[in-house]
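Letters are used for the chains, namely A, B, C and D, taken in the order the chains are written, and counting of residues starts over at 1 for each.
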Amino acid sequence: MVAKEGARVIELENIEHQKVHGRTTGERSPLTLFWTGSGVEWNVRGSELWIEAEAAYDQYEPWISILVNGEWVSRQMVTAGRHWICVFRGMNAEVAKNVRIVKDVQAMSGDSACRLQLHAVKTDGDFLPVEDKPYRIEFIGDSITSGEGVIGAKAEEDWIPMWFSAVQNYAALTAGALDADYRILSQSGWGVLTSWDNNPNANLPRYYEQICGLLTGEKNRELGALEPNDFAAWQPDAVVINLGTNDGGAFHSPAWTDEATGETHKQRLNEDGSFNREDLKAFEAAVERFLVKLRACNPKAQLVWVYGMLGLPMMPAIYRAVDAYRANSGDRKVSVFQLPNTTEETVGSRSHPGALAHERAARDLTGYLKELLPPVTVKG
Amino acid sequence: MVAKEGARVIELENIEHQKVHGRTTGERSPLTLFWTGSGVEWNVRGSELWIEAEAAYDQYEPWISILVNGEWVSRQMVTAGRHWICVFRGMNAEVAKNVRIVKDVQAMSGDSACRLQLHAVKTDGDFLPVEDKPYRIEFIGDSITSGEGVIGAKAEEDWIPMWFSAVQNYAALTAGALDADYRILSQSGWGVLTSWDNNPNANLPRYYEQICGLLTGEKNRELGALEPNDFAAWQPDAVVINLGTNDGGAFHSPAWTDEATGETHKQRLNEDGSFNREDLKAFEAAVERFLVKLRACNPKAQLVWVYGMLGLPMMPAIYRAVDAYRANSGDRKVSVFQLPNTTEETVGSRSHPGALAHERAARDLTGYLKELLPPVTVKG
Amino acid sequence: MVAKEGARVIELENIEHQKVHGRTTGERSPLTLFWTGSGVEWNVRGSELWIEAEAAYDQYEPWISILVNGEWVSRQMVTAGRHWICVFRGMNAEVAKNVRIVKDVQAMSGDSACRLQLHAVKTDGDFLPVEDKPYRIEFIGDSITSGEGVIGAKAEEDWIPMWFSAVQNYAALTAGALDADYRILSQSGWGVLTSWDNNPNANLPRYYEQICGLLTGEKNRELGALEPNDFAAWQPDAVVINLGTNDGGAFHSPAWTDEATGETHKQRLNEDGSFNREDLKAFEAAVERFLVKLRACNPKAQLVWVYGMLGLPMMPAIYRAVDAYRANSGDRKVSVFQLPNTTEETVGSRSHPGALAHERAARDLTGYLKELLPPVTVKG
Amino acid sequence: MVAKEGARVIELENIEHQKVHGRTTGERSPLTLFWTGSGVEWNVRGSELWIEAEAAYDQYEPWISILVNGEWVSRQMVTAGRHWICVFRGMNAEVAKNVRIVKDVQAMSGDSACRLQLHAVKTDGDFLPVEDKPYRIEFIGDSITSGEGVIGAKAEEDWIPMWFSAVQNYAALTAGALDADYRILSQSGWGVLTSWDNNPNANLPRYYEQICGLLTGEKNRELGALEPNDFAAWQPDAVVINLGTNDGGAFHSPAWTDEATGETHKQRLNEDGSFNREDLKAFEAAVERFLVKLRACNPKAQLVWVYGMLGLPMMPAIYRAVDAYRANSGDRKVSVFQLPNTTEETVGSRSHPGALAHERAARDLTGYLKELLPPVTVKG
């Protein structure tokens, strides 16, 4: 590594001004990035900036994107080990640059060794305050919200981190259009009740109150992934829940068997191909329970259940569940919004929504949220 | 570096099948990438691929983009030193992947230490043949053809490699739309007669017959940059010349002084703001001479002079020069084509054409070249 | 009127091949066009074609659009009286032209004198068979489906026929994209239970089984508008119902008073601004009843309730009603689909969806219907 | 004809405020509309407006478009005879409406009987002043500038008025984008030297100084078509000349024979398919002469020769000619601008540029003219 004279290493915990994106612990030496879209943001007045990142994994390596003054300039795999990565060099030392380092890949429940951490920066510059955006939005979802398929050729079939994007997905684009800070909690294949393959443990609500509770292994526990999330510290104006696609898929998948207990789970189809009413009710109950939990954790947020980017089969059930929640709770800050379906024209890799599908979804969702969010107040 | 079991290191010279893009020498241990858009392409059947890259520079670091199956998946700075960079991992070992490693930054005439080389790959896979595309196009230009401004925010003013793109510029996009292999020779600020600041040495024609003759320093000489280019080895179907923008700017810039001899050069304006006729004639003569040289080196190519992405002031002179060349040579495979101007809507960083400007230019140029190029013949 | 030598007048009833669009009676001398989008279609092999149209009205004059070979070539007001209108002249007499005359304005429940009829054609040509399209779709709606606002400047506020279009609205565009024949039943301001101003008589279901029962006056009765519709003669593959927007508006409008009986009707808001539960249930019951009626009349059609082009407030109630209908009927060929909201960018005249809003709605609806409709079978 | 009570007929000459578009005589009883895009504009404060139009023709009937508040609301053929045409009715009598009646079809040199005149209006309203736009632009061209092919299906081959548009062509769109008043002089098949079929009389320059000198027949003479144009009365800021396409075609067409004298004319190809140099020089001389004439008539205008919507073969000759004109005249307010070629995607009827081709041309030309035109000055 070669850095400019005058550059000095600063541990993250010693950086005066920085904005940490995404749920994480208070630890900054190092900062662990758990979720997709998590990261760190600085306003650096200097000619050069490096970051020291550390990655580990058995299977699924992390990727990062780098944004300078809001524009995407780099995207790269972070291989195992501790590396210095240069963000910029040779720039006008007198001008402040806004820099965001973004984890481009979801938390990996399937690889307990997977980890991305930032230790330090090296720069000749200083750090100016980073302002909060006028809004905060939390997105909860599955592979769609993880941006799976945004990157890569249509023919791709391997399930690997390379095809994920936290920068070009509808959540990031919507937040950008609304000028909002955002957090994403998402997991490919998971649902609100079960995963696509009927695993009743693979649901987001179960882990919602933890920092990143779906991670496994001793190391993640040590890093604080299982600690309770500090909701008071970051209250969103809106929570967007994009779940149901995998719950719908479960009806068409074989039963899941718990290897420990031998117990099985299966969302059933009727003989005529329709959803088994009882199993559908279990899904609806899961939606309703999740809304109760979300409201408890986010007293003031608009709760917006979105659905439709890979078809609409669960929409009636979602409407019923949200209806039931409204009726039972009296809560009126909750609604359902259909996102545009993915078409031959907009599909990306792995038969998932491509960049164009995410753009269209973001355009529609932005319009919808604009009407729900309070007007921005100029600070005096 | 951690690679999969079974992976082995192979020096580039020992890879059975590969396509090298861009002018370079026959040396493969290592392969030196001189020009923007240069690189290497493989069809790798394996689960994992790493490349060993080496970079050096005083000022301007190289960047690379990585394309997998034709789609852009990564873009990163290559800092000084020798590094293993992972291209992909965890993929289906039985399926062949088309991989292109592309130098995203122009040859740097202003930094004699700047260098990017590829030494070896590490993979568990094997290499399948890479077919030639039906067409070959060579692009010659300045900052526009270097893709300066395609990346980055509109506010950016620093002249640094980060803002350049060899993947999203009009040359790459045009070649992609035409299914053509392509080479780029380009240099920011340079012209056909002088640079934007009246330096008569900073012109592309002077170095056209060398591999990458505009590079300086002993090291580049040793690497073969100054060697004659082997034209027979790669004959283009079309040569697109996008020069004149900086020649036009020279009329509005102060005189250039040769520090060695004290000689000065200046393209002059008349008092009424029009171009000095004599100096304009010198420009036209340079255009004509370059066409003579291009034809000598590329006997069968369509020669297409394009211009207009940053305004049209030199267009009459370009038409006159091409006219004179046609008249004097009898050559009929030469023409002029106006590219769409950059607008407020399409501008990128550093007041240069942005991604949208390059898309529009590529769309128009593709249509024009389609009519000039011979129809593709299916090989029997 | 001047027509070519050889041209002869043919009463509509004597034209060998023609396709009549839209619900009407069997009468052809003249043919009465009741609904928006209704009209007549011919394949004329001749050099010249005129139509004899007759219009009458107190307030709201009819307009027509003319399409030649599928392209919109003319749009004009038809003023009161009987007129010969030239469709084309001077064309190649040997070539057949597909011609569609389309009523561009809705049936006018508010003007009992409003009438548009076609008596005859004058041509030197002959009439070739007009094939049926592979699909038939019926659209039922309000001002949105009447295309109100598609034509005209954003500033327009007058409620006049000029701003309506049956050619550029989402119904026509969707039918075009799906290669379907289509019929429209629509009325500005009306709903499924009440109109925007709480009039319980101004609902589409009440008149669904008649040819055009919402028309008033003795003349319309004579013309057969109140006769039962012959459902067997034209069975749609899909019925798209776009109602609810005015039912939603009614909650925010003053009560309606029946001038005859003094009775009033009002959909009420609760004090907190939410919908009165009882009144909402009345709306839901109306939706369900309408679905029962639609199914009775259209045994095989997909019933698709669409909503959202002017906001979503009634969507939960629509989902509840459709749910109830499914549960009570066992009918599974019924669903709900959200259309994209109108934005500042896509709005047209009179604060209604503009041409761009209709294009986007048609794009999304086309994608949705494609999955529901049976594949086209090639006729042997 | 039925008009509202209170409506009165006003001869055009008695309308207090009106803007007449297009070259015509001072006669207003009636007003003759010669050229495509010509017409009349009013600001009418009233509820209803009718116009009395008179048409005559042997072959080619006129068409008109009607714009209300800048938006296209109607387009119709005007058949032979004198008709009252309703522009609007039932509107708010207190609000002023901007109305433009536009002749949608070119002057017809091939039909000496072809004529369109406006006699009177009938309205209950009064007429408010119509302001001049900040710019004036004159467009001179052939079928492209006549908007031939903008309307109609791609398959259309008949040469009839129906496919022409003065509202959606690049001239109207450019003027609209620049907020300019505009005039069009255009004739399908004509050139600057000869027509597409080598007729040396069918050139626009010959008739430039007359009001509409290319019209034939006694009636047109009586109407003043052959009178000298009053250039002082309407001085354009720019003259856009889009000629050369048919001059290029002439090289590929058979010789033309003057039936009176037996003389023939033919622009010749060399044996190798290139243009005969002498004939090309005749074309260039015609361009130069036309520029001299244009400058004499329009002392202050930017002269912009545009070309390219149907290919570029004459562009080098155009550049040479404009060059020669600049050199010989010292005139610097003259330039050449390439318009985007028509593609498979943008083609319209009769193999001519379609609506999308005109939109793209207008976008590019608007950008170019913006840089040439003086900034708008706000009037005090």
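The rule we apply is simple: a residue touches a chain if its C-beta (ideal position, glycine included) is under 8 Å from a C-beta of that chain, and two chains touch if they have at least 3 such contacts.
Bear in mind that the values here come from a model prediction, so they are computed numbers and not experimental data.
Chain C maps onto chain D through a rotation of 180°, based on Cα atoms and reported in steps of 5. Computed from the mean C-alpha positions, the centre of chain A lies at a distance of 38 Å from the centre of chain B.
Look at where the CA atoms of chain B average out and do the same for chain D: the two points lie 44 Å apart.
Each chain gets a centre from the mean of its Cα atoms; for chain B and chain C, those two points are 57 Å apart. Along chain C, no residue makes contact with two or more other chains. If you sketch which chains touch which, the chains form one closed loop in which each chain touches exactly two neighbours. Taken pair by pair, the chains that touch are A-B, A-C, B-D, C-D. Interface residues of chain A facing chain C in the complex, by the touch rule stated above, are 272, 274, 308, 312, 315-316, 319-320, 322-323, 326, 332, 335-338, 340-341, 343, 364, 367-368.
Contact residues on chain B toward chain A in their complex (touch as defined above): 1-2, 59-61, 68-77, 79-81, 84, 86, 88-92, 95, 151-153, 155-158, 160-162, 349.
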